[in-house]
Amino acid sequence: MMRVALLGAGRIGQVHAKAIAAHPGSQLVAVTDVFPAAAEALGAVHGIPVRSLDEILADDAIDAVLIATSTDTHSDLIEQATAAGKAVLCEKPVDLSLERALACQSRTAANGQPIMIGFNRRFDPNFAALKAAVDAGEIGKPELLAITSFDPAPPPVSYVKVSGGLFRDMMIHDFDMACWIMGGAPARVTAVGSSVVDPGIGAAGDVDTAVVTLAWADGRIAVIKNSRRAGYGYDQRLELLGSEGLLQAGNVLENTLRKTTTAAGAQSAKPLHFFLERYMRAYEAEWAAFVTAIQSGGRMPVTLSDGIAALACAEAATLSRTSGQSVEVTPAMLGA
Amino acid sequence: MMRVALLGAGRIGQVHAKAIAAHPGSQLVAVTDVFPAAAEALGAVHGIPVRSLDEILADDAIDAVLIATSTDTHSDLIEQATAAGKAVLCEKPVDLSLERALACQSRTAANGQPIMIGFNRRFDPNFAALKAAVDAGEIGKPELLAITSFDPAPPPVSYVKVSGGLFRDMMIHDFDMACWIMGGAPARVTAVGSSVVDPGIGAAGDVDTAVVTLAWADGRIAVIKNSRRAGYGYDQRLELLGSEGLLQAGNVLENTLRKTTTAAGAQSAKPLHFFLERYMRAYEAEWAAFVTAIQSGGRMPVTLSDGIAALACAEAATLSRTSGQSVEVTPAMLGA
Amino acid sequence: MMRVALLGAGRIGQVHAKAIAAHPGSQLVAVTDVFPAAAEALGAVHGIPVRSLDEILADDAIDAVLIATSTDTHSDLIEQATAAGKAVLCEKPVDLSLERALACQSRTAANGQPIMIGFNRRFDPNFAALKAAVDAGEIGKPELLAITSFDPAPPPVSYVKVSGGLFRDMMIHDFDMACWIMGGAPARVTAVGSSVVDPGIGAAGDVDTAVVTLAWADGRIAVIKNSRRAGYGYDQRLELLGSEGLLQAGNVLENTLRKTTTAAGAQSAKPLHFFLERYMRAYEAEWAAFVTAIQSGGRMPVTLSDGIAALACAEAATLSRTSGQSVEVTPAMLGA
Amino acid sequence: MMRVALLGAGRIGQVHAKAIAAHPGSQLVAVTDVFPAAAEALGAVHGIPVRSLDEILADDAIDAVLIATSTDTHSDLIEQATAAGKAVLCEKPVDLSLERALACQSRTAANGQPIMIGFNRRFDPNFAALKAAVDAGEIGKPELLAITSFDPAPPPVSYVKVSGGLFRDMMIHDFDMACWIMGGAPARVTAVGSSVVDPGIGAAGDVDTAVVTLAWADGRIAVIKNSRRAGYGYDQRLELLGSEGLLQAGNVLENTLRKTTTAAGAQSAKPLHFFLERYMRAYEAEWAAFVTAIQSGGRMPVTLSDGIAALACAEAATLSRTSGQSVEVTPAMLGA
């Protein structure tokens, strides 16, 4: 039985707490948060004590920590927790700064503790089915990947200002999906973006609508479309053209009802509206994969290097968008 | 907090146990089964004691029982449990004998305890969405309902012999769906059936493939198709034509992946293969509806009368199939 | 080059005239109609003379006639035209009277002229693809066929009165589809119907909504649903369960546009609204099949016996609907 | 009745000949081709004389010409035909050289003859329905357009060498779709491409797989994906995100059959395999729109300026692909 402490009791921490508690191989034993009230509330739901970070790190009976704190603390906590001998599952992104993430990688390399980065979408059953089909060679050699990823509504400008920008905050997921499906980081990144949804986002120096093209050295290409606003819901799709066919992983709809009338034609349900609904099962599968990897001593299904690769793409995209030039993803950016 | 005992620790009892335990308003406190080992195993999973039926019924601290025993015990247990002051959620069917079910209704009428019959499909989100759309008048007046309900594989002939026949064992669900959607029992039933899947089922006096037509006095019609074998999975669909449009509730697929190749065209996933996967959420919603109805003192969402109406349809279908004539559903058959 | 005369210049005659004129192997050379103005109009469009029926039948340069006159003239015209040495393609049904159709069969058997009955739906590319898949064994042995066939709007009661009733007028197509797919006529027919759409149709002794079940001696079953009104359009679907899978042939939609909004969910187009749009290609393919069969001296793709089988089903359904009993389709009814 | 001569009797000329001949408002009266045999063959099919280009241009009884010759002759023929007083429908592209196309525009401006460029996809009923929905405001303000356009198989390298490259030869259609839907040419073009399908295409200096992003001054973005090979067929889709919803225009499938089996899941048909099948109706509608515009004296539905805008995008994409920089579409490039 793996004994786990939760660092961070906010919205996403609560999701993880449920997955940890429900898994037969893990036990949630403590929680901490910079807001004591949040920690107390989560502790009460799960019947576990609120403890300080130092107590948790010092407790040898705690095997692992799940880091669900604010992004700017991720690197520090990964370093502290692994130094204290804990296995780590850390929410994405590793850091907003690629430089800082690379430092984290250097500093943690020596202690050898397992670190997994929480790219939950890899564990969505639909995307996982696409990845399995690609790897099984069902469409031959992959050639052109298209990722559609739209949020239901834009965040407030105040959030945008501290978010690191759309490429690091939102498209980071899609960069990881692209690297995962293609089996490694791209050679070049080309980005185009605008603030056609909310000019306030543009005034804050960010974009709300963007198209980024990733090119691999062998000629494979991926294109990612992001919008901060798709009024009808959370739109998450993958499409991969290979030498022998096409794979498409679609949205999960609210239900299977279909109504046909003269006035409105054939109507079916919208995609599930929010990421917690769409990816509820993915979070459970993500945690199960972490537990399995620890128990089997196998490779982490998402590594710190994976987190850095996605961040390198975001860095390159940010630069490309402002310069109007395609930007190389160098080995140094990947910590290689 | 409703305190609940589980009667019957088999496959379906285990499903209900999870739903009871997971609901914040109910607590699973005891289990019993004619096979002690089954009760012990379930008790161990949920950390609850195995007790005898008599102890459970005599314990005033137990508010409700969930009856998931074999069908031939349902009526007896409903009578005993309600006489002992327990609220009851009983698995379908009420009984294989319509006469016995009607007697159960008479004997329990006096004690006034709440009784709900477990027609889980009413709580499937897709079918519930169809029912809500009908009731909201979205397609005008209902006219012609079609129910498709295929199992993945036929049961062994040994089971068929004690099952009460396809109409009481399998189509009972579809009779309930038809009565539920149309808002009451039909006036006449016409049945056609054969054993085209397995002649052994025919030799045992039953059918494995059947089409039953229900006609209401006002001209509305429902048709139910059943097959014991749809190799590709569990096929569960509703389709309702109304004066102003069509409603269709479809299957839930294993995932949303779609592959297009020259050799095989566009391929997508099969329906979820087994009823426990397809109706997992329905069982949870069913239990929640029971708890809510008890707590609010409201009407049971599925009554003993509903269970009798479905059984009356099954009785009429059985008779029609062998006689080649349509059979009336009389008020007496409905306990009215 | 086959030289063809058209008997009947109404709506369906005009459709056939186009197909005859467009086919490289046939030439439309004359037209006749009891309404001279209709014949004149069609003749002008195609640049062909209006001639009397007698002239057409006496002209040895005319190889074939297409009979698109009113139903009550079909049997007479088939007899006259074949006696005059013409090949015949006759619109469905052969006759409203099964007895008259059987007599037509007897009288034409001797002259040996080719006769094809115009069941156009067999030539719909979607239904033809289903038939080809069945015959290729793609779903194993056929077991349960379901046919959905709804018209957009009911005809006036005045038409209903002379139509021969829904079973002979509308469901005749579906009886043919069932016999065609199953490879022969059923053993028994069971019919249920009502006038839930228009009570006036009921007052005229007919139904507007009906479910008919066909049972074959070997246990295979087909069920046909008809409604005179599906406001959203012309709804024409086949679904066949076999021992190894399911085949479904769906509607043809107006276009492939799909709109997703918060207010209305995902909206796609309705089925093509009218039979001429849906079956336009089928009429062309039907004519081509006739020409090919004549040229090759092969078997007619739809025979007079096929027309009689569909009519026998309609006769049995009419009787079953009023008697409440299943009705046998005897060898005598099939002219065997 | 418009009297029309066809210049060019190749594959696409034959398609146009049928549309011209079938339209009630136009008459095909002559054909010419640099290969006399091709002209003779087409003339025989349509019963029209083969004439020289000079004779056609000199014949005052000819109202219009359809130019379906090789691309390098388009500009010259547009100039000669309009100078001779003919209305012109010219196949795309106007020219491989933007400079030459702009010169053609200057030289023809004075004579005032109607010129339409044959971007047939605008007349596809599915894409036209999308355009109509956008213009009706059904999804609010357009923000992000995605065009998928894959050919079934790559052309031989020998063709690639004289084609002008993928951007001018294949993506030219998609540039036109983007400008049409967005209501004008973009401000900047960013292109990425590779020869992942056939290295021989790369050796010839071209690409077979490409992603091009178009950005408008107001922040709207379009992204076009092209591949020379989608083994499963001709894949042609549009998807437009607006401020209030999403529009998607999908492929047309070979038929509506769907097969579900354990082994292969649910299988449906591939897209129509070839552009002539997919766009057959579009070519007819294109010709009808030309005739209507001439007869009504209204604006051409696709102008020479539209052809130049698409060509300017192709020019910019070609430059961007090799430079790795986004390229501005200047007013001069648009002939403005």
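Letters A, B, C and D mark the chains as written, and numbering starts fresh at 1 in each.
Throughout what follows, a residue touches a chain if its C-beta (ideal position, glycine included) is under 8 Å from a C-beta of that chain, and two chains touch if they have at least 3 such contacts.
Just so we're clear, the structure is a prediction, and the values are computed from it rather than from any experiment.
The chains that touch subunit A as well as subunit D are B, C. By number of C-beta pairs in contact, A-B leads over the other of A-B and B-D.
Subunit B and subunit C touch with mostly matching residues; of the residue numbers seen at this interface, over half occur in both copies. Centroids built from CA atoms put subunit B at 41 Å from subunit A.
Subunit B and subunit D, compared by their mean Cα positions, are separated by 58 Å. Annotation for subunit A: residues touching 2 or more other chains are 231-232, 244-246, 260-262, 269. Subunit A makes touch with subunit D in their complex at residues 143-144, 146, 148, 150, 188, 190, 192-197, 202, 209-211, 213, 215, 218-221, 223, 225, 227, 229-232, 235, 241, 243-246, 324-326.
Against subunit A, the residues of subunit B that register as touching in their complex are 125-126, 129-130, 133, 138-139, 244-252, 255-262, 269.
Put simply, subunit B touches subunit D in their complex at residues 231-233, 253, 260-262, 264-271.
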